[in-house]
Amino acid sequence: MTTEPTRTLEHFPNPRPGRDFEVRFETPEFTCLCPKTGQPDFATIRIRYTPAERCVELKSLKLYLWSYRDQGAFHEAVVNRILDDLVAAIAPRTMVVEGDFLVRGGIHTVVEARHP
Amino acid sequence: MTTEPTRTLEHFPNPRPGRDFEVRFETPEFTCLCPKTGQPDFATIRIRYTPAERCVELKSLKLYLWSYRDQGAFHEAVVNRILDDLVAAIAPRTMVVEGDFLVRGGIHTVVEARHP
Amino acid sequence: MTTEPTRTLEHFPNPRPGRDFEVRFETPEFTCLCPKTGQPDFATIRIRYTPAERCVELKSLKLYLWSYRDQGAFHEAVVNRILDDLVAAIAPRTMVVEGDFLVRGGIHTVVEARHP
Amino acid sequence: MTTEPTRTLEHFPNPRPGRDFEVRFETPEFTCLCPKTGQPDFATIRIRYTPAERCVELKSLKLYLWSYRDQGAFHEAVVNRILDDLVAAIAPRTMVVEGDFLVRGGIHTVVEARHP
Amino acid sequence: MTTEPTRTLEHFPNPRPGRDFEVRFETPEFTCLCPKTGQPDFATIRIRYTPAERCVELKSLKLYLWSYRDQGAFHEAVVNRILDDLVAAIAPRTMVVEGDFLVRGGIHTVVEARHP
Amino acid sequence: MTTEPTRTLEHFPNPRPGRDFEVRFETPEFTCLCPKTGQPDFATIRIRYTPAERCVELKSLKLYLWSYRDQGAFHEAVVNRILDDLVAAIAPRTMVVEGDFLVRGGIHTVVEARHP
Amino acid sequence: MTTEPTRTLEHFPNPRPGRDFEVRFETPEFTCLCPKTGQPDFATIRIRYTPAERCVELKSLKLYLWSYRDQGAFHEAVVNRILDDLVAAIAPRTMVVEGDFLVRGGIHTVVEARHP
Amino acid sequence: MTTEPTRTLEHFPNPRPGRDFEVRFETPEFTCLCPKTGQPDFATIRIRYTPAERCVELKSLKLYLWSYRDQGAFHEAVVNRILDDLVAAIAPRTMVVEGDFLVRGGIHTVVEARHP
Amino acid sequence: MTTEPTRTLEHFPNPRPGRDFEVRFETPEFTCLCPKTGQPDFATIRIRYTPAERCVELKSLKLYLWSYRDQGAFHEAVVNRILDDLVAAIAPRTMVVEGDFLVRGGIHTVVEARHP
Amino acid sequence: MTTEPTRTLEHFPNPRPGRDFEVRFETPEFTCLCPKTGQPDFATIRIRYTPAERCVELKSLKLYLWSYRDQGAFHEAVVNRILDDLVAAIAPRTMVVEGDFLVRGGIHTVVEARHP
């Protein structure tokens, strides 16, 4: 039985809305496809944010990140896309998403996007 | 003979109240239960604070942290709870609590809360 | 809903019985109680073995290791006990179990037992 | 345009057949699916061998390892399968394949198989 | 067949022009010649920038960095030259180029230049 | 023959009084006694300061730190005491003293005090 | 109240006498005095052994190691002395004691003794 | 003025021919060209040997390794070639040459050849 | 033939005077003598600066640092002296010199001086 | 007042002659001169030995190693010379001397000699 990846990011109410606190996620388990060559790309994704009303639910985040497995995505675009989707889902006070991609052509690439 | 864990955080008078100084604690020996699945979670807890009138007593801190062993606690909530309890006990000038949780679903999570 | 820890180690048939190969597990998520003081102990458990007819199933291994959470266990005894239980369950050609315990009284302890 | 992954491992003649020498490959870019849950697994694959008449061609090895991306594969089975396929392709004097899988259920697993 | 190195830095439109984000590249594969002695020098090149309208294309960046292989270049001059060329090609909001050169005469040298 | 430890911190004139510069010391060779239990405690002491008219003499600093070997001293108090003694001896422009204590009760403690 | 250090090494029966297993201890909390100069020396002590009938009890080992705090002891002699005392107390099948001393005169010294 | 790279490995008499001793060299400054694509490859070269009558002269070794800068060379072949040339030049009792190549196609390759 | 060390720091014109950039040097090859005991001291020297009109020439810097080999020099004085000499030679916009000295009397010392 | 370096290696009687034990020394504080160029060379010296009747005295070893400061010495020769001198002084059962020299011409060199 397969758990289908999904674009839906679930959330739960911030358990301590009166205080600014920070949540940080890191996963080395991100893969997508290069839109030019169709070859797989691999990255570590790091997310940190200060919640406002909502926190992102961990399991739905995992499924959301899986949903890129069969999609073509440029480095610069995919990091901004993840940030846009998370901002749309939970409207955080601040958020940073970093994609740290494995070496291609001898070059190691990191893309980091911030909101707001 | 068992030392019962306890929620009581003991304190002693700040030995140098006229100066701002910082105390930092770190322990890899924190475990609680996931409220959803009942499975154990593990974390390293890091605390740093600048005392005002009172310092937290080390042994009572250890017993306090043990008291989570059989309790269900979400990552975001437990870190804020520890901060609330410590602030209530010693009223520090500033305090930061960080919970650095072991990997679940391929994702490593850190929660960091600050007072004030 | 809680997944109950259990002493039952499940197994599956060795997928390549004609060849000697090695499986290694490592988990920092082991905790038990000190039989003298009742205080929690924490360890990293490392297991490596060469299967004969059976391989140990990963999820049952996780549940098995959880089952020590509320039990008193001396360092030297618990590592030998885990080895005995695994040998009884899957009869491996060779197996090594290592318990790497966090500092007590300023001393870091490792216990390593081998079969046969 | 997509480069299709393939099961064909290409080879070239050993440039120095009169001497025993060792070749070692390591790649963190391996992913397959868990046959039970359909969830992605990630591993670093390490291969080392002493060639006899043939050496494995690097680009075909890369494409071969990609071919597991959409396949269900148990940890113990996939490492033995990679070793079988490489041995069939180049008949090395000796070969070792190691799969070093990312954490599942709090447990880090490594499988290592040797030929002969 | 040889891919000729080239001085032409290609670019593509910034996929998210309304947001400030950062791109970081690092490659240990840079070599040029010492203009005084003709001896090879080796460096790791690190580039980070915030794009305005254009992003630098990764493959053309690789070819551009190769183009120094047969050229004499002083440490201080070559890092500024790379920054000048990249600024001319993509007009970034901000950019930093760092050349981290291997030991010569027992001394390890790093040069870091910033725009604007 | 024994070199007696001493509380006297010797000093020499700042060799470059017209410039702000920083001196940093670090020693893992600090031990005192726990005032509650009489058990030995161990710490790394880090000191950094910007001298005004006087610099602390290295050998007297070593003897001064030895003088705690047979004294009971709480973590928070001893670090403030070292800072007080050094400030009294050399009246630096700024000074920071950090005591980084080995694990007690599973908890690693650092105390850091600043002047002014 | 002070816990007096002591030369008595306590032991308990080997919980699994039919099997060869290894116990390893490591502590950075060892200090003695240089017999020539009276100055404190600091070392990390590492002990590993295979028990026969008896295992060394951890708390008595800690108190035993403290007993050197006020004693003069040459590096080469103290490591052999610890090994002699442990062998006399528990008669292990094999034992190794290593003393890893902090730098004196710019030289880092390690002494390692084995039984039998 | 340029120092021309050269294939000539110079040597000097073993200063202690009556004893077996080992010399180890390591340099991250090796580059050659891929014979298929013409693209530069980079490697760390490690050499260790026990001299018989002759030792290799360090400066000529450096110039010898430079001589590959403009040559096409497959990984497996170039390491064996370096070993052959060194053995021809100094006839060592034993020698090992290791080429540790930077990532290509996501795969890190090491080749190690031994004499005799 | 011996290259004589020298106090003359040579320079060359800043190749990019219109831009603020930073040059960093690090060498573990610094030794001088303790003025009190005549014993050798060893340090890593780190220099970083932003050039104005002139850059320091690397080979003359190496020879300059050698010139301390037979000179007595206190830690605090020698770092300020190197900074003074470099500032006199090249008049940089900003410069930092750090001397990181090996352990004496169990204490590791670092001195860091800044201009202006 | 200067402590003159000296070639005399002092010794003391082995405190435990009935047992084979190992002593290991390591110092990063070794410097000599290149006999060809007169330039300083720097090395870490590692010595390990099993004493027979005599142990080498630490302070005399330090002074002995200083005595190379103003002497020309080739890498391969100096390591064998140190081994010869130590063997002559204390006649150990076994001894290994390793000289680990800092980079020259981009190449890091280690020489290791063994007795007998």
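Order of writing sets the labels: A, B, C, D, E, F, G, H, I and J. Residues in every chain begin at 1.
The rule we apply is simple: a contact is a pair of C-beta atoms (placed from the backbone, for glycine too) under 8 Å apart; a residue touches a chain by one contact, two chains touch by 3 or more.
If you're wondering where the values come from, they're calculated on a predicted model, not measured in any experiment.
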Assuming a repeat means more than half of the contact pairs shared by residue number, which candidate in E-I, E-J or B-D repeats A-E? E-I
Fitting chain A to chain E on CA atoms, where both chains share a sequence, rotation angle to nearest 5 degrees: 70
When centres are defined as mean Cα positions, the distance from chain F to chain G in whole Å is 29
Centroid from C-alpha atoms only, then distance chain D to chain E, rounded to Å. What do you get? 35
Approximate Å spacing (C-alpha centroids) for the pair chain B, chain I: 46
Counting only residues that touch at least 2 other chains, which ones in chain B make the list? 28-29, 42, 102, 106
How do the chains pair up in terms of touching? List each pair. A-B, A-D, A-E, A-H, B-C, B-D, B-F, C-D, C-F, C-G, D-H, E-H, E-I, E-J, F-G, F-I, G-I, G-J, H-J, I-J
Which bits of chain H are touching chain D when the two form their complex? 74-77, 79-80, 104-115
Flag every residue of chain A that touches chain D in the complex, lowest number first. 1-3, 28-29, 31, 33, 36-40, 42, 66, 69, 102
Flag every residue of chain H that touches chain A in the complex, lowest number first. 42, 102-103, 106
Going by the contact rule at the top, pick out the chain I residues touching chain E in the complex. 14-16, 19-29, 51, 55, 58-59, 61-62
